[in-house]
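One chain, chain A, links the two complexes that follow: it is found with chain B in the first and with chain C in the second.
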Partner chain A sequence: MFDICELCEPETLAEAKAIYAANPELKVIAGGTDVLIRMQHGSLAGAGLLSLRNIPHLDEIEMLADGTISVGAMAPFTRIFEHELIRKHVPVLGEASVSMGGPQVRNIATIGGNLCNGAVSADSASTLFALDALLKLETAEGERIIPMRDFYAGPGKVNLLPGELLVAILIPREGYEGMGGHYIKFAPRKAMDIATLGVAAVCKIRENRFVELRIGLGVAAPVPVRCFEAEDYAKGREVTWECVQEIARLALKPAKARSSWRASKDYREHLIEVLTQRAVAEAVKRGGGCCAD
Partner chain B sequence: MLTKNAAGVKARKRLCMTVNGRAVEIEIDIRESLLDVLRDRLQFTGVKQGCSVGECGACTVLLDGTPVNSCIYLATWAHGKAVVTIEGLAQDGKLTPVQEAFVDEGAIQCGFCTPGVVLSTTAMVDSGKCFTHDEVRRELSGHLCRCTGYQKIVDAAERALREADIAADEHPV
Partner chain C sequence: MDHKIVGKNTQRLDAVAKVTGRAMYTDDFFERDMLVGKVLRSPHAHARVTRIDASKAKALPGVVAVLTPADLPKIKFATAGHPWSLDPGHRDVEDRLILTDKARFVGDAIAAVVAEDLLTAEKALHLIEVEYEVLPHVLTAEDAMAEGAPLLHENRPGNIVSSFGVQFGDVEAEFQNADVIFEGDYETSIVQHCHIESMSAYAFVDSDGRVVVNSSTQIPHIVRRIVAQALGLSWGRVKVIKPYIGGGFGNKQDVVVEPLTAAMSLAAGGRPVRYCMTREEVFIDTRTRHGMKLHLKTALSREGKLQGIHMQVLSNTGAYASHGHSIAMSAGGKFRPLYDFRAIKYEPKTVYTNLPVAGAMRGYGTPQIFFALESHLDDIARKLEMDPIELRRKNLIKLGHQDPLTKNVVRSFGIPECIAKGKELIHWEEKKKVHQGQTGHLRRGLGMACFAYASGTHPVALELAGARIVMNQDGSVTLQVGATEIGQGSDTVFAQITAETLGLPVDMVHVVTTQDTDITPFDSGAYASRQTFVTGIAVRKAALEVRAKVLEVAARRTGLAPAEMDIRDRMIVETSLGRTVCSLGDVAMDSFYDRLLAAPITSDTSANVRINAMSYGATFVEVEVDIQTGRVEVTELWNIHDSGTIINPKLAEGQVHGGVSMSLGAALLEQMLFDSVTGKPLNPNLLDYKLPTVLDTPKINAAFVETFDAAGTFGSKSLGECPTISPAPAVRNAVMDATGVAFHKIPLYPQVVFEKFREAGLLAERSVQHV
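== the complex of A and B ==
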């Protein structure tokens, strides 16, 4: 049995926001595949839970009138991976989604929960960084939309105000249209493992030159990071293997890799360089370019 | 809406679901996992308790046809849903084609993972989709076989999928 002192199961978002505003000490539970495991390990003892599972429509994936793809915070990873809109427009997010956990976990775990945990290893986070995604956050008072990169405050910490819920992830048209993308998760096992390093690259190629390149790294620093130096360097340059190698070297700039029991700092830095090369090369290929040396 | 436990205010809840096709109505404690309810209260002991943290897949059940780890799923969330455990597959002592495939391939050793892998394979077969070799492996990747007999498990799943496909061709709907 889980050490839960109370369980709130609102039926509407408005009700959830009202309960959370009045009881900001509640722990929000989405899919439960992290919260319940932490409880099983003895943390969060005696917590009161605010479950979002009974709220309809919070798991929907849709394209808005302006071409923005909206992914409901309660969308489970399997749904994201299998969804027609994601397959067609943002396959790189599907690739990241299917790399997370195992099938039974992906059937329940939600993208919103993955982000709100603040884990630097979240497979969806580095990809959403690269896609320039926005987050729609709501309280009982109102809503705000913030860029993904303003969301992470530190390891396991995110910028949610008391009583604030993540409602949807928004991927603007400019974030994905005409872009080739690739996500590489590096972990000792292919399933049921946490990334030692995650690299997401998306790029737009014209006449074999980088019109735009965006790179997101997971587990390279205390929070997911974008590689702006590498991205600026790439802009307008012809795609060559040397160029990709330089991009990968510059991708180390925002990294603050550290040693942990999973991997040493040196190993992680090696991975950042090598995996960025591979991710960018594949993204280029999918974007219609070629970087054969 | 508020289900309090602290002062014993209201920690119990009525749960209505179907288990293996039969309607079940039971009063549960909100702190119970679906695994607790299925195994300890309803005696479906084919639902195994392994790691308790969603890693081994021994507690896998089908929830509206989808495999989930019942150890990290609150029982209350199953309200109104259809649950299938390994006990729900064979009818009148007759194994399902998926179970037959596991027997025929010798894909069973100690039995720790068997209920789970059979249910995940059943979900694949019932989805009516085609799966590549890599996709079969991916769909079974949330199960730990402690005997390490993965090859035969994958063989059995592929056999079940192949035979379901042949059966579908013979009886077009």
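== the complex of A and C ==
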């Protein structure tokens, strides 16, 4: 039993935005795999919920005219990793999506919910960081498009204005085209777990040199981070094992790992280095390069 | 022996009911006007309740009753699911109240609410005002025994629940005369059963004024006694019903929710009240597996012959005794019928601490003891540069061995064959060669470990089992047992034993799967891997009685003597000729309707089993260790068992799968964590408590060495708990083989493994320090 005082189930996005504008205290619920667990644990007592589940088309995945891949905020993870566009153009996002929870969770949990929940461990977040994704946010007043990295404000906190809804995730063509990618979720279990560390690497390789490399880390700091020093270092360099090792060392720069009972700072930092090596090496391979040890 | 049904893969009787969702569990039953109960739990690890004011909670609309310690009988009771002992000196520790005015762990039950619905009950809990006098607390056994440590219970100096050990031979003399002496320290963590179905019960007072409790339990007859004792009722005034249950693994061999649920109903004027724990509550306030610290000191000859062992065990039993006093004692006896020591000194100490209560869990302490012993043997073999398998082989007891203390006799001993089979199945020698000279961050290794276990508890406790068979008009029979089906498949096995004995197809044996203490024959329940062995004897006895009665009626019909006939496939046959003389149905109809001699064929019997049988086995495992991340993967695993005759191979294999996965969880992932300052549980949920998922579980291979044990029905011995004993030490030994690093504590959690590897110099320090 949940302590819910009100449930709004608008049928259109416009209706949803109007309801939310009138009552920004409502808690938005998508798949419910985070919100309902929090309610079960006693937080959000007596909350009113604004459900987006009845709004059509919010879960669509499509390619826009300019090549941008748009993933509707209500797209569940199963749909994402099974979707032809994702498989063909952004397989690394599929990889991250299928690492989430288990089949039942993936069938209902949505990518928008995963992001708006603000968890640093969100598997989709580090990957979308690496893909240079943008977020389409809407209020009753209008819309804005912001880069992923401007979205996270702190642990469990995201930059949504009162009455604002995440509508779609946009992956621009330059974010994915010609890129090899790999996501490593390191967790004690292989399913139904949260990442101890998540590393997403995407890269473009030409003549075995890095044209571009982007790395997103989850659980390395209070919010997902990009590894700009490592990425700048890589640019133009020949892919060698030494180069990948240096990239991994530089990937530690933005990290602000903390010790908790789940894992020590020291261990997380060690994992950042080891797993960045592995993620980059695999991304290189998938991008057509080679960094034989 | 030629069997028609025993030894075959009879489909489990409840298979269809369970997979189609038709099987009814405690939470599937509803009573009219049902209420719900919730519990208020202590936020402190150790505190005296100085004041409770429930007036605001009682005033909340929808609240029917609020219970505090003052509202309940001040009767201390024991919760362990053991048969009652007429000898007061042999009884369980009576240290528990239904609700306590002195909290002994974070989560101890202080008060309870009965309300019309769950939300109201939860809101009411927040309205109960409690003032605590916070007391100093202790979380480790060492701290609890230290001088001046706060005492959890009166009359337990040093917080020691029990330090009853055993010894034989002269262990000191063995140490003086030994060629070599080895010492080692080992530790296991606190883990939990994680049965799918929560702890759940509902209770009401029926129209005769009796308290009826429907509960997810392994031990309905014991629940009846303990509910009555806790509430000060005459035992016959309580009736307990056990429907299908979704797993217990020992957690439900204990009385946890039933007395409180019954008290809730009594407080609500006898209205039905359901009390179903959340998963978080199950973690906090049911039972756990004891975390143990073990120190082993072993004397050997130069050739590797074990001579004497001194085993000291510190067992952390948490806030109440439950099974604690008997677990350390019982577990310490299991290796004696495996390895031949001239002298043994076994010194366990079971200690109260301000942690959740440890109790029975699959293996009953034995997995902890064998983790230590089997790790220790590999450590010894390594130092002696001996093959660990040879070290074990050299020291096995012999068939016919009689334990000097229990007097139990080893009548079947398949462990040598188990070891040989395991070695062959995993390709031990070949893999050893392949693994030589490995470099790189992924390294493979092989490990093995052995175990011995008992079938039931004889001679420590009473082993009484009841069975009742009624023959129906069509010649089919209805079988009732007091032993409980808890998923292990016992109903199916009993049906097979009955069918085999009576010459019936299994589908003509109808097993009443629900236990109702008003109706069900007396039996102490499902634990100690006793069902097939102990209850099997009662079922066989009942079936033989029915068979004799059938042949008497047949003799009347045919003029042949009973001894000249047999029942084969529902027909009465003249044995010497193989000639059918009448059908079993004819006999059954006579028994019901013969105008002169009608007397329905029934048997209602029990067996007081005063014998035991040792089961054996070994795990062989290959692991792959990621040196860089500390992750250990099991790449191949074989569990080889000597459980005597296997009555149902498919079910036996299922037991092995479940038991092995439980042990692998404890070896690699699982542990309950507590804040070292406050004693608060850190991970009381299935996200943070790392129960392995199916993706984390390797293919588990089961194999059997079938011996025949004269003590067991059709030659059978125990199996239920056996598979969960040896995998953990085998994995630990395999990791040592792969990396050269000896771990002394489980689980081998990735971070712990990483830290130890770095300490051992397997990993270079990070070249660039983080800035």
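Methods note: the second predicted complex is superposed on the first by the 293 of 293 C-alpha atoms of A that agree within 3 Å, B and C clash if a C-alpha of one lies under 4 Å from a C-alpha of the other, contacts with A are read in each partner's own complex, and residues count from 1 in each chain.
Heads up, the rule we're going with is that a residue touches a chain if its C-beta (ideal position, glycine included) is under 8 Å from a C-beta of that chain, and two chains touch if they have at least 3 such contacts.
No experiment lies behind these values; they were computed from the predicted model shown.
By the touch criterion defined above, A:M1 reaches both chain B and chain C.
Looking at the shared chain after the overlay, A:K190 reaches both chain B and chain C. In the superposition on chain A, A:L13 contacts neither chain B nor chain C. Contacts of A:G102 after superposition on the shared chain: both chain B and chain C are touched. Of the two partner chains placed by superposition, only chain C is touched by A:A255; chain B is not. Of the two partner chains placed around the shared chain by superposition, neither chain B nor chain C is touched by A:A21. In the superposition on chain A, A:E273 makes contact with chain C only, while chain B stays out of contact range. Using the contact criterion defined above for the overlaid structures, shared-chain residue A:S51 touches chain B, although it does not reach chain C. Judged by the document's definition of touching, chain A residues 1, 3, 40, 102, 190-192 lie at the interface with chain B and also at the interface with chain C. In the complex of the two chains, the chain A residues touching chain B come out as 1-11, 15, 19, 32-33, 36-37, 40-41, 46, 51, 53, 78, 98, 101-105, 107-108, 190-192. By the touch criterion stated above, chain A contacts chain C in their complex at residues 1, 3, 40, 42, 102, 186, 188-194, 196, 249, 252-253, 255, 261-264, 267, 269-271, 273-275.
Contacts from chain B toward chain A in the complex involve residues 1-6, 29-33, 36, 52-55, 57, 60, 66-69, 71-74, 76-77, 120, 138-143.
Put simply, chain C touches chain A in their complex at residues 117-119, 122, 278, 628-629, 669, 673, 682-683, 686-688, 690, 692-696, 749-751, 754-755, 766-768, 770-771.
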